[in-house]
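In the two complexes below, chain A is the common chain; its partner is chain B in one and chain C in the other.
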Partner chain A sequence: MKRTRYIKKFLLLAPGLILIVLFFVIPAIVTTIMSFTGMDFRLKWNFIGIANFYNILKDFLVPRIISNTAIYLIGTLAVFNVGLSLILAIFTTSIGKRPGVFYKAIFLLPRFTPPVVYATIWMLILSPTKNGLFNSILSVFGIHPVNWFVEYPMFSIILINGFIGTSLGMLVFSSAIESIPGDYIKAAEVDGASWIQTIIHIKLPIIRWPLLFILAYNSLSLLTSYEYIMLTTDGGPFYSSEVWALYAYHLAFSSGQSSTSFRFGYGAALSVFLVITGIIASVIYWRVFKFKEMMSEPQIEID
Partner chain B sequence: MKLRTIKTITLITACVLIFSFLIMGASCEEKINTVTLKAWAPNGGSPLRRENFFEAAEILNKQLEAAGANVRVKVECPVPGGWDAYTKANLLALGTGEPEKIADIMIIAPEDVGSFADAGYIISLDDYIAKYPETYTDIIPALWVPCEYKGKKWSVPQDTEVRMIYYHKDYLTKLGWSKNEIEKLPEKVFNGEFTLDDLVGLSEELINAGIVDKGHGFWFRPKPGADWYLYMLAYGGKLVNPETGNLFIDKAAYLKSFEFMKKVVDTGITMKGITSLDWPEWHQTVADGKVGFIQAGCYHWAEWQFRFGLDSEYAKENIGYFPIPAGVKGGKPVSVSHPMQATITSASLHKDLAFLLLTIYESVYLNSKHAVQSGHLAIRESQLSYPLYAEDEFYVKAAKISPISTMTPSMTGSGTLQKTYFQFVEGVLAGQLTPAKAVELFTNQMKSQLGDVVEVAE
Partner chain C sequence: MIKIKKENFRNILIYLFLTLLAMPILYGYSRLVMSSFSKNTLKGFFPDEFTLSNWRFITGAARTTSGFDVIAAYPSIYSCFLNTLYLALGVTILVTVISVLVGYMLSRFKFWARSAILASTLILHSFPAVSLMIGLYYVLNNFHLLDRVLGVILAKGGLFLPFGIWVMKGFFDEIPWDIEMSSLIDGATRIQTLYKVLFPIVFPGIAAISILSFIQGWSEYLFVYTFLRSSETWTLSSYVVGALGELGVTDYGFLHAVSVFYMFPVLIFFIFTQKYLMRVSVGGMKGGR
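For the complex of A and B:
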């Protein structure tokens, strides 16, 4: 009887487990093994010990790339994925259902747009010529064109990535806010609470779990994301918007016309740091943010 | 009865004979052996680089049939993706070592020739080339440079091009230049009388006269490429040490090239961060006539006219071109080429036939078709007078720059050098690195990544 229960549990979990093993565990193991090799365009597993890791420590670009990654992660999370998402969620749940849905739909557009198209639109918006959208607006006020990607590379990539992440947080937060029993708000209003006070003292404490989830999910996601940076600044100029994942990609997978400048071993060693950082962050989120508690029972009362 | 027997025997004999003839005929049919040759070519803006293999196979099959040979060729040539996808597909196939997965003919970048030869991926072609003198003695001599490595030829040039500077003749007229002065400008560049400093000065004049906007006096290409070597070469630098055959970094020439890049940004003739423009916007701005001097490839000439609306008549009348001027008075102008290379892989099971197909692919007719369609230049002397090629004056004139063009080196590390150099160029253009800092960091980076493969002259 007990055995049958275990088998049932296993069968239930099996599809997910298989996916995790196939697409995370095995690639992580292969990447780790590859990080101890000097694999280049010949794809030979020539083991060189910890030379790649030693070279990472010596790489003069690494401090810059760590700092870029931290700014990108914290900036995108704070300003867009949590900050703007929360503001939009509060705004769209306060203005009535129809206008709320309309505004949500607008902010979902970046999600629906294919990455290459989305990046191209931003290239036109932030173009350094006077034809760029931002520069056209500035020219109305007599301000000379700004080269956004050069003068403000981190601002540019945070802006471009931010609008993609905003939609997820906005949907999760607005759903959470809408599921708060109306009695709570009404009772507070009867007691004289202002709109701001209902947000600070009722809505925010109640949606703290979704907030933590978005924070954890997006931080892990941003740590390994680079596609929009690659399509716009490509990490430049001179590594000023190069984040860790993009640096690993450039070394391991980007060659231009030459087939022989690939450095798979070194790129794998850089990726190992991402895997380790991801695992440590997951453990921290699990223990410090008490995710177990969050998942154990419904945290938002539904009437 | 006897007659009947004779009739029966005759009938049986006739049937046997007919049957035998049928079998013999069928077996003759079966003797035609079809060999599948895999030819892999990147697109890179030129569909004929790939499609010409099919036409070459048709021509070869006709020749084989006429010669009574019992072999026919079928070509497999997959549609390539972008450069990254193409190079990765090649490497993954080569890594297996299995002939059925590896191409027989592979078009690669010149900087990969040495590395592929060292890895044993491609074969030396000296003996094969010697078999077809009527095709290969005609190749423009400078184009053999990237084919050669360690004293052998490992590839044949598939195409070539030159990098040059385009200018608007009508803009110079507006500055008060006479027609004679304008027409003589390329000559002054060839003689070393017109230098990079003069180019900066003239670009400033165009801006000051309001003919072009600030930042639009002189434009580089916006992305990585062999073009960035031009300025180092203009200041007397070299890519290869001719004595040792190793990659070479002359720090003084690289420093001057970085200083030139700082100068064009500081004077405002080039917009800061030109490298952050994407190709379509760059092309459109150039084709709209908003830039005074443009450093680009000869292959952009056709692209601006057919894709970006540059009026052909206007272009013919008003746009001139010359190589990149020397860095100092009396110096030599320069250009660079990145000619794609056709190779035969070691894994090929049909090397002779593959090379025969390649030789037809290299013919004047097919190569001229590719050149004219994609804006590339002649690889053979005879192409210069071949009607299909010669009917467009631009290609004949642009080919005159070929002899002074430096070829992208073929030795190991060449790709890494080119890729890394661009990062530092970008840093200087964006004002994030001083020229002195850039040259130091670049040299250290190259020494650490390439080791003994590169020589550095202080």
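For the complex of A and C:
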């Protein structure tokens, strides 16, 4: 009797588990093993020990890439994903339901646009000609057009990713704010609190927990995201906007700026570095933010 | 004397700020659409001359003025459209069905692997797509799934599953046990309970997961670009990038028209399903960039 129940449970779980193992776990393992080989397009497993990792330390591009990644991460996180989304959440919840939803929808739009289209749109906004949005604004002040992607690549990629990242935080924070019973705020206002005081003392404390979550989650996502960068500057010009994840991809799959492509082994080693960083960060977040509380025990089970 | 309430003054400032910030977005999207109908696309914000020739890929008719029309080199837009649809629907069905089942199981049953699976789904999120790309290439190659849309469906679905499972589990966790208990006491089997009683309650979660999966599948670019090479397997994202990448000779009108064509379905989808996605708490969350 017990056996058939066990098998039934297993069958329900099986497809999901198989998929996750096949397309998540195994690639991760394969990549890790690959990082110890010198594999290239010939797809041969020739093990060379830790030579790849040693090469990373010697690679003259790596310091530049690390600084790019750090600037990208901190810049996008601080300004957009956390900072701006907070501001947006507070603002859109202060102006009434309908306008709030309208603006939220506008800021949500980038997230739901296919990346290739979004990149094309930004090429229009940041167009080097004098009729891109930014350049037209500049021309009002008499400043001549700027080739944004070439002269300010880091600024461009932070901007582009920022608009996407800010929408998630905005949604989460405004849900949190909207869940505050209206009476709290009314009571505070009756007691003479100003709008700013209601923000500082009522709304912000509610946001504390989601804020930590967004911080953690977004930092991990940013560490590993490169799709939009690839579609716009592609790490250029000359690696000035190349982030770590993109570098690994370039080395493995395309020529990018250099002609040595399909260096799977080296790319795998770079990826492993990234993964380890991600895991360390996750563990730190787990401990510091006590995410354990999010995993509650299951309900009573009748078997 | 008009009495300007402090609140109204503040609201005006807020509107100003929000509109200013929304400027790039509003500008970008409207310019894209307008430029797809204009002859000289880089001249400025407002369209130059109205033309439909940028949209000629819909009928496949080549432009008569220039000798070689770039459209001839591209696969039919409809085969790309179908591939994209196949990809999106495939991912959606895969992720929704499995997330619901596994989420339910993880929420209701204690068993030995439970905490391991839960913890691992969170840890897996810290694995970047990049490290998996190389390994995925290898796995797909081994199963002869490279250059087939099915391969991308499985890979994309597999990567999206941990998130879907977390969300569905969260939704199931919210339901008090009594509801199920009373249904089981009334004689329903577990499956019937799941189907008739629980589904309606967790419907927002199911809706959110399906919507997000569909959009993920439809918008997919990276996997498609890396794993699908031959033109029969092109999706709309490959098509757009193809239009983008002609060295220096980009037909911007064409590019913009194709972009609008690609974006249009998800836009409509987004407008209609918006209300399901707005109500999001920390328990159920959109993953991704």
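Basically, the second predicted complex is superposed on the first by the 262 of 303 C-alpha atoms of A that agree within 3 Å, B and C clash if a C-alpha of one lies under 4 Å from a C-alpha of the other, contacts with A are read in each partner's own complex, and residues count from 1 in each chain.
Here, a contact is a pair of C-beta atoms (placed from the backbone, for glycine too) under 8 Å apart; a residue touches a chain by one contact, two chains touch by 3 or more.
Note that the structure is predicted; figures quoted are calculated from it, not measured.
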item: First, second, both or neither for A:Gly267, with chain B first and chain C second; value: second
item: Of chain C and chain B, partner touching more chain A residues; value: C
item: Chain B versus chain C as contact partner of A:Asn147, first or second or both or neither; value: first
item: Which superposed partner A:Thr120 touches (first chain B, second chain C, both, neither); value: both
item: First (chain B), second (chain C), both or neither touched by A:Phe60; value: first
item: Touching partner for A:Pro128 - first (chain B), second (chain C), both, neither; value: first
item: Touching partner for A:Thr31 - first (chain B), second (chain C), both, neither; value: second
item: Which of chain B and chain C A:Phe238 touches, first, second, both or neither; value: first
item: Chain B and chain C footprints on chain A, overlapping residues; value: 43, 120, 124, 127, 129, 131, 253
item: Of chain A, residues touching chain C in the complex; value: 9, 12-13, 15-17, 19-20, 22-31, 34, 43, 84, 88, 91-92, 94-95, 99, 101, 103-117, 120-122, 124-125, 127, 129, 131, 133, 136, 161, 163-165, 168, 171-172, 175-176, 179, 195, 209-210, 213, 217, 220-228, 230-231, 245-246, 248-249, 252-253, 264, 267-268, 271-272, 274-275, 278-279, 281-282, 291, 295-302
item: Chain A contact footprint on chain C (complex, rising order); value: 7, 10-11, 14-15, 17-18, 21-29, 31-32, 35, 42-45, 94, 98-99, 101-102, 105-111, 114-115, 117-119, 121-139, 141, 154-155, 157-159, 161-162, 165, 173, 177, 181, 184, 215, 218-219, 221-222, 226, 236-237, 240-241, 244, 255-256, 259-260, 262-263, 266-267, 270, 274, 277-282, 285-289
item: Footprint of chain B on chain A - complex, ascending; value: 41-43, 55, 58, 60, 120, 123-124, 127-131, 145, 147, 149-151, 233, 236-240, 253-262
item: Residues of chain B touching chain A in the complex; value: 42, 44, 83-84, 87-88, 90-92, 95, 108-109, 111-112, 115-116, 119, 213, 215, 224, 271-278, 281, 285, 338, 412, 414-416, 418-419, 423-424, 426-427, 429-433, 441, 444-445, 448
